[in-house]
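Have a look at the structure below, then the notes.
Chains: A, B, C and D, in written order; residue numbering restarts at 1 for each.
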Amino acid sequence: MIVVMAKDSAQVDLDEVRRRIENRPGLQPQVFHGVERIVVGVLGSIPPDLKDEMELLPGVLEVVPISKPYKLASREFHPDNSVVMVGDVAIGGSEPVVMAGPCSVEDEEQMVTTARAVKAAGARILRGGAFKPRTSPYSFRGMGIEGLKLLQLAKQETGLPIITEVMAPGDVDTVAQYADILQIGTRNMQNYMLLDEVGRTNKPVMVKRGFAAPYEEWLLAAEYVMSWGNRQVMLCERGIRSFEHYTRFTLDVAAIPVIQRLSHLPILADPSHSTGKWHLVTPVALAAIAAGAHGLLVEVHPNPDLAKCDGPQSLTFQNFSSMMDQVRAVVAAVQREPVSVPSPAHRRGR
Amino acid sequence: MIVVMAKDSAQVDLDEVRRRIENRPGLQPQVFHGVERIVVGVLGSIPPDLKDEMELLPGVLEVVPISKPYKLASREFHPDNSVVMVGDVAIGGSEPVVMAGPCSVEDEEQMVTTARAVKAAGARILRGGAFKPRTSPYSFRGMGIEGLKLLQLAKQETGLPIITEVMAPGDVDTVAQYADILQIGTRNMQNYMLLDEVGRTNKPVMVKRGFAAPYEEWLLAAEYVMSWGNRQVMLCERGIRSFEHYTRFTLDVAAIPVIQRLSHLPILADPSHSTGKWHLVTPVALAAIAAGAHGLLVEVHPNPDLAKCDGPQSLTFQNFSSMMDQVRAVVAAVQREPVSVPSPAHRRGR
Amino acid sequence: MIVVMAKDSAQVDLDEVRRRIENRPGLQPQVFHGVERIVVGVLGSIPPDLKDEMELLPGVLEVVPISKPYKLASREFHPDNSVVMVGDVAIGGSEPVVMAGPCSVEDEEQMVTTARAVKAAGARILRGGAFKPRTSPYSFRGMGIEGLKLLQLAKQETGLPIITEVMAPGDVDTVAQYADILQIGTRNMQNYMLLDEVGRTNKPVMVKRGFAAPYEEWLLAAEYVMSWGNRQVMLCERGIRSFEHYTRFTLDVAAIPVIQRLSHLPILADPSHSTGKWHLVTPVALAAIAAGAHGLLVEVHPNPDLAKCDGPQSLTFQNFSSMMDQVRAVVAAVQREPVSVPSPAHRRGR
Amino acid sequence: MIVVMAKDSAQVDLDEVRRRIENRPGLQPQVFHGVERIVVGVLGSIPPDLKDEMELLPGVLEVVPISKPYKLASREFHPDNSVVMVGDVAIGGSEPVVMAGPCSVEDEEQMVTTARAVKAAGARILRGGAFKPRTSPYSFRGMGIEGLKLLQLAKQETGLPIITEVMAPGDVDTVAQYADILQIGTRNMQNYMLLDEVGRTNKPVMVKRGFAAPYEEWLLAAEYVMSWGNRQVMLCERGIRSFEHYTRFTLDVAAIPVIQRLSHLPILADPSHSTGKWHLVTPVALAAIAAGAHGLLVEVHPNPDLAKCDGPQSLTFQNFSSMMDQVRAVVAAVQREPVSVPSPAHRRGR
């Protein structure tokens, strides 16, 4: 950590900064008098509250953290890519995994026909919402446990593992009985008690990016889950809120290679929620794959204009099948990085 | 609702739009052939899923909602200002209410001295966090129930009612035993199960704005609470996430008069979390009051540089007392709007 | 245009709205009394100032434009893709065009070796800045006319046409003598006098997206150029400003298919400025191509760590050559849309 | 400047960083081996291109600037507030200055009656646009030189000095003949050639904040003007682009005290353009004054519903007069900071 002080700071203020640092076990200050600033380097393992303490001491202009606040999720901690196994499906390996299905579970026929269609087109995981976060209290909020049972039925019919969202700490145990992957939605990315609770399970967890979350806060959300011992965490870029409202959100495609540099966790992309329009889903899906995503989360519905939610962004079976053909072609075209990404310190070719 | 179609839409597409509208009980389409577009007006009480259904019909370019999706929270539904009573403190009336106290409850002495100091300076409600949402799992997360008990103690000593955050549906009953106002934090503004749960209590609720929430989603969060019958809801602008990172968030001061136009609920402001720097708290607090805020939420700590959280943005007792003097002066200077704000349709002076 | 009025508007207010519309040549109001609102449809060709006039009449809650404010740039006006020819290079056709070169022109050797290297790797257009917009007045601002001459020299050596930025109306004639494509930078996207001036030339123009410009304002900037009769306009997505600062900007990859739906103009992408980091350039470039971009604008430098600007985001010759191999593979994999994109009203497959 | 390197960086990489720093005249590296990072402090006066150079050396993870990139505009360079004199009006002193008038100059009667009305209500400067930046090429773009002449006429009638926008470097001399303050609009804040040109005049300049400009880029725009020797610069917060679109822009009220801390230049606010709605102008104006703004820029029109631009946000004479009464009351209520703001290093009260 670097503490930046005004050049004309009083000696008493500099002494106080030094004293506070020395008071902490294992920390040592190193002071440099620059042309425009006094800079105090803090050597040692920095406790998380030190930044706050330093920031409000007299004479201090700025405190610059040097280490990352997340550890378990960082590539420095774990240089090789993590691969999360869901049954025999490997997420985070060299082959992208497509998870597809309806926004919400509606009835048995819908789930089973969709499961069969997406499996036939190449999806490896079935998605479907039983507990639905909805902006308005007057919208359909999902079938709850009945929905989970229909998901299980579709799994039995097709063998596809299930990913589904859990929204409350008290529901985690129940959802975990049915789901193969627990999904944390964008609006719950900083619902810390929910993160704690899924961290206590032994189920794979997908942490969707909060729509206003910088990379660091997103990785800290993963860190919450991992800090309980659950290391089967994957991330999903699903679009951030920007000033542009033609699309529902703005998919940050650079997040894919950035996360691969900062973290060892698998990173997927959701072209459906980010765009909000079915005709944008395929180009954005291809973009994510070309950028190196470990997978996709895509909404598919047998009859989008009758869907109980997210109809405008849902693909028909035919749309999805066509998208999958193109996804396969792009996967074949792009040189996938080897499992261990080069360290940030690697040299570039000349 | 207005459905906009391409001028060259096929007759079959126009007929389908018409048919879908007529299928809904009580709805009727009205079709106009404009120069560049066909416009279909939908008359009647619009169900929330109709927009999605219309959007993906062939020929449809855009669907424009005309009514607001929130009802109970809207000023149209309830033209006069709502006043929320907390003991004998009226929130939403002509006199702004200041709620002050530490970010987190730390010990008895801290709470009691702070409660006395903020009361002496003119605060009417005591704030303090027992359950703390923290970005990092390695930060101090609050004292939990012990913290609630210390808040109660400080209330007994000073008579100040308590506002404190509740973070999980399962904690609502417990927190409600100690708190006079249940606070929904910015990261939980779309934690719908938590909103449901506080809606089922009979306690006043403060809904802080999600840091990436447009006004409409914020008012819909209030609507969640109100839809369970709990009408004692107040709102708090606490800063939105923008590209500017010198401050932690960007306080949207215009939100105060906007919310007063859209809604009858009291609207407060939090200058501490929005700025993240103690020396910005007073000017931003005065701005909020001058813009018409019904109150403030301010962090105060006996010794900010030892605070377990949010030290950099906490005021000392002396800072707070000085801020309160200026707040009173601005309150006296500004002509407060009468309890019933003029309708959006009022004429302006010439 | 739709004028939305309060249900309880006074008759005099409704009459005034009606009168104002009828006062405009060729316009007619159509009034509907809905359950919650009065809606007035305005039929005819809407003048641009009518929205402002309507918005402040008593009783009016909202005015919703139905037509797009841009015409020449819109796909409705011109259903087939536009192809801009630069010498024998077709931009906007089925084959993406890569434009590459250094951020700024520095000397003859740098320009000529770079031009040869990028040509060998498959670039079709040479980029290089002679007039450089720099955030700080103390940074290198380009070689000016001397830089233009070096660009011309590199063109003579390699045959590659030149794209270069013009920053002031008074420089347009001079720059147009040397450049094959005039580039409008992101900070000048709403420098209307500059847009006018390039509109008066007969040179192809690339309009980079302003980093806080919604699609509509971007297309209106293109409309400025086109309104002077210059139809050789292409667009370039180069990243928008978001809350995420790990990358310099956030490349909005969905902009590519969105612009192809709204407009007939070619749309390229700039992975260098959007990311600001060389190691993110290739994945983001591939994403843009997979999403359907008509080309790329990439910074390449013989020795990035000695570059006078933008070194951190510049590719070496070897990096660029490797990127081009992958670009070609993705181009081959993706089914390019035919020249005429299906209209927004087309049906989706079932 | 701080160069952060990976702990496991090769010795050759560390040596290269050191060598590059030592190559620069007057610079010296200081190396520290921390627990998780190697940190290299660079002592001396840092050239602006060093950051770029360091960032792409092998082993370098991050480069953290410690000094501010602007000098002339910074409070460190000039601890006391700057006061810009326009005739006998002092901008930046203890009394806020209100500048008011129509969005665009339309005719003599409009200008003269408005000038008289705003003067009577207490405005000290007359605003009016002769050259208008408009999003659409089809909107009214101002009267040009004829407009400047009408502004001059209104000045002769009332004695009010004039502020008006200049949009192109080639127009600066002409506009400077008529204007007392040259206004740089938000869309031109990074039109560097325009900044250069107004810097070469001896006229006061108002630099409006670019709607996506962080404080640092805004102050660097002021630095451009000042670097030519023109020190009569003032700043104006006019709203930033956020995800919220109910208002045209989001006024960042905290910018006022922040700028006063970072810079010695006067800081004003524009409640008209930021909100886009006349009924929000007064509360936002009062907020800016309460936060310490040195003045306001407000749009006033004799008949807003006939205004050629910005009618919806323009105040009538009566609205403006009422706003001014409240502004005076708030000014009287707020303790204005003394001319010299306490340094960032000052102690806070206990």
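Note that in this section a contact is a pair of C-beta atoms (placed from the backbone, for glycine too) under 8 Å apart; a residue touches a chain by one contact, two chains touch by 3 or more.
None of these values were measured; they are calculated from a predicted model.
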item: Pair of chains joined by more contacts [C-beta pairs], B-D or A-D; value: B-D
item: Label of the chain whose CA centroid is most distant from the centroid of chain C; value: B
item: Approximate Å spacing (C-alpha centroids) for the pair chain C, chain D; value: 27
item: Whole-Å gap between the CA centroids of chain A and chain D; value: 38
item: CA centroid of chain B to CA centroid of chain D, Å; value: 30
item: Multi-chain contact residues (two or more partners), chain C; value: 56, 212, 241-243, 245, 278, 304, 348
item: Complex contact set, residues of chain B against chain D; value: 212, 214-215, 240, 242-247, 250-254, 256-258, 261, 274-275, 278-280, 283-284, 286-292, 304, 316-319, 322, 326, 329-330, 332-335, 348-350
item: Of all residues in chain B, those that touch chain A in their complex; value: 48-49, 52-53, 55-57, 69-70, 133-141, 167-171, 187-188, 190-194, 211-212, 217, 220, 223-224, 227, 241, 278, 304-312
item: Interface residues, chain D side, partner chain A - complex; value: 2, 4-6, 8-9, 13, 30, 32, 34-37, 39, 41, 43-45, 56, 58-62, 64, 66-67, 76, 241-243, 245, 343-348
